[in-house]
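Below are two complexes that have subunit A in common, paired first with subunit B and then with subunit C.
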Partner chain A sequence: MSLRKLLLPLLIAAASTTHAAKTDLVLGMQLEPPNLDPTGGAAAAIDEVVYANIFEGLTRFASDGSVQPALAKSWEISDDGLTYTFTLNTGVKFHDGSDFDAQDVKFSLDRARAETSTNAQKQLFAGIENVEVSDAETVVITLAAPNGALLFNLAWGDAIMLSPDSFDKAKTDPVGTGPFTFSKWVQGDRIEIARNPDYWGEAAKLEKATFKFISEPTAAFAALMAGDVDAFPVFPAPENLPQFEADPRFQVVVGSTEGETILSTNNKQPPFDNKLVRQALAHAIDRKAIVDGAMFGYGTPIGTHFAPHHPAYVDLTGNSAYDPEKAKALLKEAGFEEGFTTTLKLPPPSYARRGGEIIAAQLREVGITTEISNLEWAQWLEQVFRGKDYGLTIVSHTEPMDIGIYAKADYYFQYDNPDLQSLMSDLESITDPAMRTQSLQKAQQIISDDYVNGYLFQLAKTGVANADIVGLWENSPTQANDLTAVYWK
Partner chain B sequence: MESGIFRRNLVIGAVLALIFLLAAIVSFFWTPYDVTQLDIANKLKKPGSQYWFGTDHFGRDIFSMIMVGARTSIAVAIVAVGIGLTVGVPLGLAAAAWRHSLLDELIMRSNDLVFAFPALLIAIMITAVFGPGAVNAIIAIGIFNIPVFARLTRGAALSLWTRDFILAARTAGKNAFRISVEHILPNIVNLLIVQGTIQFSLGILAEAGLSYVGLGAQPPIPSWGRMLAESQTMISFAPHLALFPGFAIVLTVLGLNLFGDGLRDYFDPRLRQQSR
Partner chain C sequence: MLRFVLKRLLSLVATLAVASVVIFIAIEVVPGDPASYMLGLNAEPDTVQALRDELGLNASKITRYFQWVGGMVHGDFGTSYTYRTPVSAMIADRIGISLPLALYALLLSTVIAFPAGIIAATRRGSVADVSIMGATQLGVAIPNFWFAMLLVLFFSIQLRWFSAGGFPGWDEGFFAGVKALTLPAVALALPQASILARVMRSSLLDTLGEDFIRTARAKGLTTRQTLWRHALRNALIPVLTIIGLQFSFLLAGAIIIENVFFLPGLGRLIFQAISQRDLIVVESVVMLLVFAVVLVTFLVDVAYAVADPRLRAQR
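This part shows the complex of A and B:
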């Protein structure tokens, strides 16, 4: 008997075992969440780990951005639009074994909208007047005024359901109702989750998933190439995408995000309190050069704070077309013929650092000098977002439908326009879709005409994954990495 | 024979260092392209006749950036060594003049304190507190140069203080200050020049390191270290982005080190005697 005959069956056996589909997944993320409680922090990275995996709300966002039933299987809306009666799914358990029922809904919503609540998106619950438990499976939410966005609001990560027994541990040891349970968090490295065997809905296909945090684009590239990471839903270096595209081991999926990338302008800091100056800024910016230079072509130019793939979007890029001569004329009209000097504070992502260098060069062309300082996220949050100590900055606002931030006069760009504020507060009570669209379009027009910020481009979701992975979201309608439907071919 | 090697080191080192010094000086008057002008349409061009070293991801001419980057590096290193010399040498002279006094202890122990920290760590600490920028990089690198010169000066001066010509000067009624300035200093100048050259090359390396981590000169001022850092993600498809600034750093540091070695051998008569 030859050696070959002896080895052949062994080889076949080996080959067939390696062919069995993998059931674990390592997902790369650039930023590590500060904690794991989506009701207690604004960081996108929190939802990117826990949303739809560990925690669920009454409703949820599907991959196409539509609002779908989640823990509530159905609801009825009274004719006056003030009373929502939610019927909950039965047999739902928290990961600690306790039952999920209407009491938990009341607890979670009351906690989120309470005076003392630290919820980062408290305005989502603003219109709720009362949450009432009618029986274990039925909750009645009463509103002060009709709110066409309630079901949408309840789908946010900030509106997920917590149990009164375990809510205080959510930051480090989250207990939810989702298809995955929290396993462990190695700070600075990774978070592991495992399939929930007692899940009330359709079970996840993966047995285990790991979120691995890699902040350096070069390290992210190496990790994917080496197979240490199976997928990077938002790959941080767009310049590397062609290499992944050329490699049959990978699939590159470029989708849309809710990230309006803007040149945020401190509307209260002179000279930006002068609308002519802001208009000059807008005309000094060449969006195409920024998308090509900073994002290597990935990104859609925008002319207002709204996602281009949304049906209510109005293309207002023409309102602030690239025209350096006009920018100079406007500066002259505003009394800044000689230009001026301002600060440009940039957070770490490459869209900001590279975009900032390009914008600095473009502003220099019209006589505006910018002093660039590169900040870490913590410094940026402290100085710019909370401290409002900046002239210009670049950041991507990734929350869905966040044009409402323009109605907050104390928001970091300090835009204070009563017309827009009343428009946005009226919008809350409008339930008719056509009328909502009309209001949203009017709001887009107002902020574009006021040149509140420099509107640059909509961030693309530059996803890179192993070619055998199926079921990752193509777009990012919300901040999430929903792994429920993900599996290996 | 071997003195020929010393001479060769000196010449090669001097030529390399001069090339970059010239590039830096010329960049004040002329560069092939404007380094603050972005030209996105011409990004990532390969080296060729139009752009000698190619263009970077913003379409800037890399040759011009290397020239202006040389200016940044050299300026930072010169001032940093200058700080080290002007503060360190007097401290060292004073410590040697009043050796084993409280002053000596005070100077040398505080030197040890600064010396105990790795140089780049001090630099990162300073720029983290006072913010990134070329000026703070200069101060940071300068501070770490102080103990180097203070120590060297004290050591060399101490051995001179026991010599007969110093004794003669003391009998002539000169005080410690005058002896230090008139007799000690002229005799250790060679040593300081050699050490200055070495520190100069270390300064260039430190500046590159600081700007690599984003704490050196800020954009739009080109700097070799930042060019390297920015090239990282593109190294696999546009290696010229990393190669040229990398070579610039290596060749400058190599040149200065060779030059320093050559100078030391040239100045040190004992070494020359031995090699004969």
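This part shows the complex of A and C:
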């Protein structure tokens, strides 16, 4: 008591000085990136550190998901939609002091689409026929066929710009053009980045930021509570959120992500090759119970494979409304009055493990028995994704605008519909926004009507941060922690 | 003595050779491909092939085994698939945390257990004995991760004396490093200290009942002199065994504590590497742990021989 009295003035003094000067931020993340090169791996954690902070592309995503100019300040599209002429920003320098110019653009794009490329999203560059340097500030990209999604594709973390002199260091010592420079990586513990004093655009407000890796949900909770971490943009334990909400020291930020969480169904494995069975499955699922039970209420129900915050979204949840009686009737019609047994293979995330238990109970109500097995990611990729040895699985598809996967007949759903395939291939060449919207809506309708998968909910982004932090992304149009505009009140 | 040590060394090498084969086979049969893990859901099949080529995963298993073992003999553990940095450097970084943590915990548990065990044994049946034995009972029963969480709740969240976890790195100063390892070391030491104190007590009680103790007393030594000169030294053999076992456990078994305190130690490295199918890292770390355990057993054997001349003579 007396000690506290003695220390109190000191503490207040310390608090007020640090408060005024606070220009550093410690950000918690559950997974550590395996390396820092977004052009050579799919791990979301890579982009969560480097996207928009260290590396930039020709275009970029803003927090609302719209595509904005980045290293390219403007572009012109030829009337036939085949030629894109990009004008680059001037005075842009890589962190090692070398100039960024059109040669670097050509190098980066050619490297990403090369035959030996190990880019995890190589399909983003599929339609590019040629990349040509017309002068230091102008690049011309020629396409084989019109591609309305090109600017969107170039905004991905996988399409960032690297220099031929430093690209091979990107994995451990990244050299980019962004508002922050890489300072230090203590593997297993943290990555530190610092403000880039020579940034070509508006300088970052923070002087320093640290990404700290805490995989255990209880440890994440303790780290926030103890003040070791200032923000946890994707907080791993939704059950603790009410506690943070009630605490004035913290703000809870709930936003949207690009993660469509679905009950993926093996469309070629009997009895799921029968549409009536898939329809029965869809009606047997109570989405609200899953969102409440597995996600503690965070998540928006979806009726198709499309993000609800996207302007082209159609709400088709009514198409597969919860109706166990109808599900039973449909099963009877399909010849499964007695029900059947299938496999439900669950990857590690809690949405899958918790959601799986609830779905298993709901399916049991209509007579479908599921054998649950819990898999690690590597096993899941091998058995389910590549081996297609599964009946049902739950997974969140976090890539933005990924409805195109339904046009891949050999994708792990094994959904083969020529109508959808031609619709999606036509879409690639449509550049008119209204017509694109129309096609996308039609595609949503087709997969919903075919009950390809059980559509559950859009994953929410539930973050916790110190109440004085401003400017963190609320939504997650791509998995990133853009710190450019973040500051302390 | 020299022959004894040589014989032990030979069996050490043989154990390591067998272990390397077992580890390699066990880890290679686990399903899951590191390249497809790294490239995720949208990767084209030829991209996965290109990465497998780059990582050298397409070579035959026998070639890869000999490359791995051959490298290890020269101290080269290969390059991590996911991190793309030399495995030996990664291991060195992680040992810089796991080894001090294990030693710290061992030191704490010994410092607590020795006096506790001696007091309990020499004052058998007293209040001190009963309360020490009660406390150790509790110490053995409480799971250390739960105790760790209590420590965090109290010392980090309530009092804010320590951070809830993480490790600043030794370049931030010795004191900062020790401070970061204190709560984890306490959490790890509690059950170990309890076990050790109980072993110390019963071993000392056994020894104190031996004839040579009576002889020593009859020679006119005081209780204290008998205890320090004769009883303790003889009671130490089973205690050394336990310390040896505990050290291996502390080095390899700290995975849970490292997760609770998000310490970048060997345990977390291996945990991460398994889920990412970074096979070469898993193989090398497991091999290293086997080496550590075998080495500690070897040292304990030698320590027996030093503590007890009869063991030397027998061989």
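FYI, the second predicted complex is superposed on the first by the 471 of 489 C-alpha atoms of A that agree within 3 Å, B and C clash if a C-alpha of one lies under 4 Å from a C-alpha of the other, contacts with A are read in each partner's own complex, and residues count from 1 in each chain.
By our rule, a residue touches a chain if its C-beta (ideal position, glycine included) is under 8 Å from a C-beta of that chain, and two chains touch if they have at least 3 such contacts.
Since the structure is predicted, the reported quantities are computational estimates derived from the model, not experimental observations.
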Check: For A:228, is the partner it touches subunit B (first), subunit C (second), both, or none of the two (neither)?
Finding: second
Check: A:218 contacts which: subunit B (first), subunit C (second), both, neither?
Finding: both
Item checked: Contacts of A:121 with subunit B and subunit C, given as first, second, both or neither -> second
Next item on the list: Once the structures are superposed on A, label A:379 by its partner contacts, choosing first (subunit B), second (subunit C), both or neither.
Entry: second
Note to self: Looking at A:189 after the superposition, I want to know if it touches subunit B, subunit C, both of them or none. Which is it: first, second, both, neither?
What the structure shows: second
Margin query: With both complexes overlaid on chain A, does A:298 touch subunit B (first), subunit C (second), both or neither?
Written below: neither
Check: Which holds for A:84: it touches subunit B only (first), subunit C only (second), both, or neither?
Finding: neither
Check: Thinking of the overlay built on chain A, is A:172 touched by subunit B (first), by subunit C (second), by both, or by neither?
Finding: second
Check: Which chain makes contact with more of the residues of subunit A, subunit B or else subunit C?
Finding: C
Check: Taking the two structures together, which residues of subunit A meet both subunit B and subunit C?
Finding: 218
Next item on the list: Spell out the residues on subunit A that touch subunit C in their complex, using ranges where they run on.
Entry: 32, 34-35, 41-43, 115-123, 171-172, 186-190, 212-216, 218-219, 222-223, 225-228, 348, 376-379, 381-383, 385-386, 397, 399, 402, 405
Checklist line | subunit B residues within the subunit A interface of the complex | finding: 36-38, 40-41, 43, 57-59, 131-132, 214, 218-220, 232-234, 236-237
Item checked: Complex interface listing, subunit C residues touching subunit A -> 31-34, 36-44, 46-47, 50-51, 54, 82-85, 90, 93-94, 149, 152-153, 156-157, 160, 163-167, 169, 259-265, 268-269, 272, 274-278
Item checked: Sites on subunit A touched by subunit B in the complex -> 217-218, 221, 237, 239-240, 242-243, 289, 292-293, 354, 356-358, 360-362, 364, 371-374
